[in-house]
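Data block below; observations after.
Labels for the chains are A, B, C, D and E, by order of writing; each one numbers its residues from 1.
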Amino acid sequence: MNELSAFGQDPWWLILAKGVVVFILLVVLTLLAIWFERKAVAWMQVRPGPNRHGPFGLLQSLADGLKLAFKEDLVPKGADRIVFILAPVISTACAITAFSVIPFGPVVSVFGHETPLQVTDLPVAVLLVLATSALGVYGIVLGGWSSGSTYSLLGSLRAAAQVISYEIAMGLSIVAVLLTAGTLSTSQIVAAQQAGQEINLGTLGSFTIPGWYALLLLPSFIVFAISVVGETNRAPFDLPEAESELVGGFHTEYSSLKFALFFLAEYINMVTVSAMATTLFLGGWQAPFPGSWWPGANEGWWPVLWFFLKIVVLMFGFVWLRGTLPRFRYDQFMRLGWKVLVPVNLLWIVVLAGIRVGSNEPAFSASWIGLIGGSFLLVLIAIFFWPTREPYEAPLEPDTGLGGFPVPPMDLKIPPSSRTKQIEAEREPAAATGTVTGKED
Amino acid sequence: MNTLLLSADMPTIEFPGIDYLALSPLLIVIGAACVGILLEAVLPRGRRYLAQLVLTIAALVAAVVLTIVNIVDGTNNPVFSMTGPTGEPVRVDAVVMDGPGMFLMAVIGVLGIIAVLLIAERRVAAGGSFVAHAAVAADSQADADQSKLPGATEVFPLTLFSLGGMMLFCVSGDLLTMFVALEVFSLPLYLLCGLARRRRLLSQEAAMKYFLLGAFASAFFVYGVALLYGFANSVQLVDINTAVRDSGNSQVLLLAGLAMLSVGLLFKAAAVPFHVWTPDVYTGAPTPITALMAACTKVAAIGGLLRVFNVAFANSGDPSAASLVWEWRPLFTAIAIATMVIGAVMAVTQTDIKRLLAYSSIANAGYLLVGVIALGEAVGATLFYLVAYGFTVLAAFAIVTLVRDSNGEATHLSRWAGLARRSPRFAVFFTLLMLAFAGIPLTSGFSAKFAVFSSALDAGQVGLVIVGVLSSVVLAFPYLKVVVLLWLSEPVEDAPSVSLPSFFTGTAVAAGVAATIILGLAPQFMLNMVEGAGMFLAK
Amino acid sequence: MSSFPFLSALIVVPLIGAVITACVPRTKPGQAKAIALGSSLLVLVLTAILCVQYVAAETDLQFTEHYPWVPDWGLAFSFGVDGIALVMVALTALLTPIVILASWNDADVEGRNVPVFFALILTLQATMTGTFVASNVLLFYVFFEVMLVPMYFLIGSYGGKRRQYAAVKFFLYSLLGGMVLLAAIIGLWVASGHNLDWQQLVADGPVQGDLQYWLFLGFFAAFAIKAPFFPFHTWLPDAGGAAPAGIAALLVGVMDKIGTFAILRYCLPLFPDAAQAFAPLAMTLALIGVIYGALVAIGQTDLRRLVAYTSIAHFGFIGVGIFAFTTQSGTGAVLYMVNHGLATGLLFIVVGMLAARRGSSEIADFGGAGKALPLLAGAFFIAGLASLALPGTAPFVSEFLVMLGAFSVNKTVAVISVLGIILAAAYVLWMYQRTMQGTLNPQLKDVAAMRKDLTVREKIVVAPLIAGILILGVYPQPVLDIINPAVEHTMTTVGVTDPAPTTDQVATGDN
Amino acid sequence: MTPTYYLVLAAALFTIGAVGVLVRRNAIVVFMCVELMLNAANLTLVTFSRINGTIDGQIMTFFVMVVAAAEVVIGLAIIMSIFRSRRSASVDDANLLKY
Amino acid sequence: MELYAPIVVLFAIATAFAVFSVVAAPLVGPRRYNRAKAEAYECGIEPTPTSAGGSRFPIKFYLTAMLFIIFDIEIIFLYPWAVAFDSLGLFGFVEMVLFIVTVFVAYTYVWRRGGLDWD
């Protein structure tokens, strides 16, 4: 608890102020991010991008937002009204709340109050981020489900499957950080990255590498980076919103400010995961160069600059991906998540833990590590490349049209409108016979 | 301490020393289950059956042998032990390998082997009792297409998991381990119930009922654990007992926790009023699984009850705290009486052999509860009863699997009429088993009843014994009805035939019948064993 | 005394015989019958030697054997006989070959397994003998319960109409009694400090306190069902009516005696205070049985059921004899058990012969049958007279002793039981009249078998029984000599002495 | 805030769940009610952990969560299979096993 | 509790904003009723009828959900272990390797049975 003694000391006005500032910051950042994305993509595609509103078109997003506010607010006929309205609220609120434990900088003085540049910190801060981002999925699922539309439903299901799949990979990649830092508090993780790590190469001498976990725990960082793209439904993993397949995905039926809220949530999530990546792997708000090239770099308000610089770089990464890569196919995407990221991550955790134990525990020599890790690796290889792999068995039962129920499969067959009544007529006898079959005795 | 997570500079944690030899039966069974899963993953379909069968039987045999080695060694201590900061030993007995616990483990292992033999049977019904692809919708065309495929081999690892959970359940030293073990043995059973090859809908329905009610009961169990944790500030059975003795704590928590805990345990033991699932599930489940449940689950559930009540809530030898026994005993007596009576009476009205055996198993749960309530010296008698009942019921269900017609097992009693004409040997066996259930001397059923009732009377439970004997007269009626049908009735049209058992089922029947006779004729050796098992380790 | 384990042999020999008989293929029923008969005759010989070697004056158990079985429960193969048990063993040994012979062709029906039938009879014999010779309470119980199984199958598989109902009813009634007995035995086991050896229990003295009364009731209920005493009797007419004739003879002739035997053996010595306290109740039940059994017997239209009801009346007499607590009445009761076995056994067998010929046991189906079947009618008549205890037949002696003993204690009881004798005369004579005398039932002419008198086999069957009835009727002394010391010993353990010395001079067996 | 309130809340949740299991007819809803009961137990455990000042209750919560998850997996599989066969998840429709 | 208060504050602000937006949207925007607008969008054709209790969708989604639960549970156990790793030492390492191997067994099974394939 001592490590967090700096927190929880703020007066109420400071808490409120921090909250408001972070909120405004996120909204503004979103507007800027949208502009930034459009502009960057435009540059990549050698076109000007938004340039009418404000300098360099900076106010384009604001204009879009205002326009949305004055659009008609539609609620489809088949929608579950309450959930339909609730869904964007959940998405937005969760996205913003996640930011409460992101450290922007060290302890500074605000109107005479010594306070950290962070809304708050918890012993379980990382969990809070994960929890809120997981809760955000509810917004997506409920939004898609409550729309009463096939596209929305499929989009939301895909989104949910995607988010939870990549959440596993993301969660596992964080384990390595926790293992090294020994804490779940974000501020302490940042602090743990302060000191450089001395690597001893025996006769080759030793050198100090920066304490950033992105370098120390490179595999984790790579996995984290990949999985957050999937987690935020961004290209090339933007399958839930694949226009060519699903129109707009889960928010097909949303319009006006509700749509804007989803949009907001998505971009906030981008910022959040960038901030998380910064915090967990890139040294947080600490100055982006090893050593103290400038003694005051990590003091006062300067770190906020470093922090946002890092975020901007990461955001650019997002945009770059979008501008460069085509969209994945769904099966490719799921395969990447489940069959590559998860096992690689687990293996990496075991190896890392083995190395750490080996360095701490005298009885546990390097050969032991080699033995355990090696055998583990061997087993893995043996399992995954076992020669007699069975061909995939086609499911015995076709997925479509069971008893006249519409079963939206991957190869969605949309019944023509003229048959709607016929289908509904068929449903009754099918349901009636369903219960009598298999009667025994 | 307000935070769950330990910070890095915490003092190093003491780790328990583990007696791996004592733990080895559990490790082997659970480990073999994991290996079984891997085999499922890597072996081609054709080779899985043999590999799984060999693995399963070998693991169970090894577990039984090691348990016996431990018993002979006289290992009678907590498996986890460690030294506290001041040097004195501190218990962390998540697992307590005491005499009764190891005995129960061995019993579950042996009964499990027999049940696995039944599960492995593939000749009596082509492809076995289990469906090939459980995910295929029942009664669909695809289901008909797969009726010729050999059954799923996943049942073996599932069974092993279940048996491992049961073993752990009997030796758990704290309620948390007990809860985990409870789920480890229940969850595979839920699945296994739904895997019948024939009458899939019935089977799936049974699985759903069992699952929903089972989950309901385990929720009660865990809430009871929570309340008892609030009461005793620990979930170790011995600590709860300590807290019970010097009860400055809230009695409300204790009694509510005890009640909730009991609901979970009594559900598994199929005691009234938590028995409603039993007939349905026993009927719907594949018969080998029914046998497994009737034999092994019963052993585990009663084993758990015995341990909880003898270790945590018994406080024998301490008259000042005897009030607790006074608190729960009358209620349990009522439950035991209701279980015996309702089980017996309902059994009378049944027309399906599996349902009949299900109600009989409820009634037998009542007799076992008599042993639980009697506490103390009755532990040995209860163990004896479990052994006797387990073997008999296994053999009975094994025979049920053999009586078949074109629709699979013919379980309706009217179909059994006059079966003795066609296969007298089978009828003799079944009659013997029925007589054992009815408690006729020279069968294990009599020995078991005598053992339990005599020790219950020793403990002063007169009323229970009287209800017990009277209900067993009522219970004898359905068994006699079956015997009458077998021997004295005219065979029906297109009567089912008794399939020639293969090695597996034959062995199971033989083992069950042999145990029924041996425990009836010469029970002394088993009595010595249960006596030798001694008492639950409470200190 | 010989060291030969007679009592074990008496149980083991029929068991071995049963196993061998059961192993005979179904296609060779003759072999099975021969083996069964041989085995039962061997037992008879053994029993005869046993009787010769028995020392009548000794009151302790003789021929004791002791082998451990389940020490934890105090269960052991402990055998031993006193005078009461000896005569019962002898009765069993005598009746079994006769029954086997009488039932020679009973099982020869399509679809019935002949070897198993005889194997079951032998098993039944073994278990019944076991109950008489067991000197361990739990061992007794084991035989007492196991006995049900062969009897159940004999009635259920080989009986007449309603056999399934009768078999199940018989089994359930007996099991009810057995379970109550089990509870009582467990209670005794607990109360006696984990001891179930009969001799030891008697030596240790009775159980103290209220428990004795409860235990007595438990034991008594079981034996009353077995005997059967009113109101636990309803199974007997069904079972007796449905069972094959020979089996019915065994059922009523021997098996039911186990109830009364066990009352003498267990209820009285082990729970003397309770026995005396409950004697009025038991006596009342017995008297009701005497009158009720006789009255109902008069109203029966079926010969088998009629005989079964007469037995209920007779068991009432036995009950009166036991609970009068005098040596005479007790001796009379035991003697009655033997005589009744002979008389009712004969009656059942003869009725069976009649029914086999006629294909029915309805009284209305007979009438004037005696003319065509003089020998059979004669045997029937003798059996009937024995049943009503005519002087000169064996039951007279025993009934007289019972009355005498009862009179010395309670005159009302004696008077009421005299009423039973009168009623007995009524039902026996009426039965005989309706079946054998009077005008010939025209239907009988069409039945060829009704013109066929006793065959040689049947003569061999009835002859020893008739001889026994007559011999014991005029010279019961040897049997009384065996019975009397044992009964006296029993009464001593109950703690009663014969009330009036005036009866001594009348008592036949007081020496 | 007194921790006792949490106990009361947990008890209320548990009761709601239990009643829900007994009165609701949809298997999924019944199942969710069971989960509610498990979570009520979790809440109780954590509260007692706080009251008693030991960490055991929180650790137990982990295990209960694991078990709950395993139950979800098993339960959904069973309910799905019966739903595919019968096209109904109502426990009343599953009535073959009645006498 | 003080540590958590700011989170609540931030959450309240976010919720207030979101609720305000949703409530404001219909008030600010125009309302011109048209039956076609109220229909669910389906590329211009009449929308697919959905059954009363929600539609059925491929089993794969359930499977993914179950897998997620399994691995989420693994993560639940991994986090405390990772944080306390240094004080747990060799014992904790071995235990956790066992745990991971166990989960891996199930994972392998699912993989080999095609549970991870999305056709």
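Note that in this section a residue touches a chain if its C-beta (ideal position, glycine included) is under 8 Å from a C-beta of that chain, and two chains touch if they have at least 3 such contacts.
Being a predicted model, the structure only gives us computed values, none of them experimental.
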Clusters that remain linked by touching, chain B excluded: A, D, E | C
Most distant chain from chain E, judged by the mean position of its C-alpha atoms: C
Most centrally placed chain, judged by C-alpha centres: B
Most remote chain, CA-based centroid, reference being chain A: C
Chain-chain pair with the highest tally of contacting C-beta pairs: A-E
Geometric centre distance via CA averages, chain E-chain C, whole Å: 82
Between chain A and chain B, centroid-to-centroid distance (C-alpha), Å: 47
Cα-centroid distance, chain A relative to chain C, in whole angstrom: 91
Cα-centroid distance, chain B relative to chain C, in whole angstrom: 46
Residues within chain C bordering two or more other chains: none
Residue numbers of chain D (touch at least two other chains): 66, 77, 85-86, 96
Touching two or more other chains - residues of chain A: 182-184, 383, 386, 390, 402, 405, 438, 440
Touch list for chain E against partner chain D, complex: 53, 59, 62, 65-66, 69-70, 72-73, 76-77, 80
Residue ranges of chain C in contact with chain B within the complex: 69-73, 111, 138, 141-143, 145-146, 148-149, 152-153, 156-157, 163-164, 167-168, 171-172, 175-176, 179-180, 182-183, 186-187, 189-190
Contact footprint of chain E on chain A as seen in their complex: 4, 7-10, 15-16, 18-20, 22-23, 69-79, 85, 88-89, 92-93, 95-97, 99-101, 119-122, 127-128, 145, 147-154, 157, 160-161, 164-165, 167-168, 171-172, 174-176, 178-179, 182-184, 247, 252-253, 256-258, 260-261, 330-331, 334-335, 338-339, 342-343, 346, 349-350, 353-354, 356-357, 360-361, 363-364, 372, 376, 380, 383-384, 386, 389-390, 392-393, 399, 402, 405-410, 414-417, 420, 423-424, 427
Of chain D, residues touching chain B in the complex: 7, 10, 14, 17-18, 21, 27, 30-31, 34, 37-38, 40-42, 44-45, 47-58, 60, 63-64, 66-67, 70-71, 74-75, 77-79, 81-82, 84-86, 91, 94, 96-99
Chain E-touching residues of chain B, taken from the complex the two chains share: 4-8, 10-13, 15, 34, 37-38, 40-42, 135
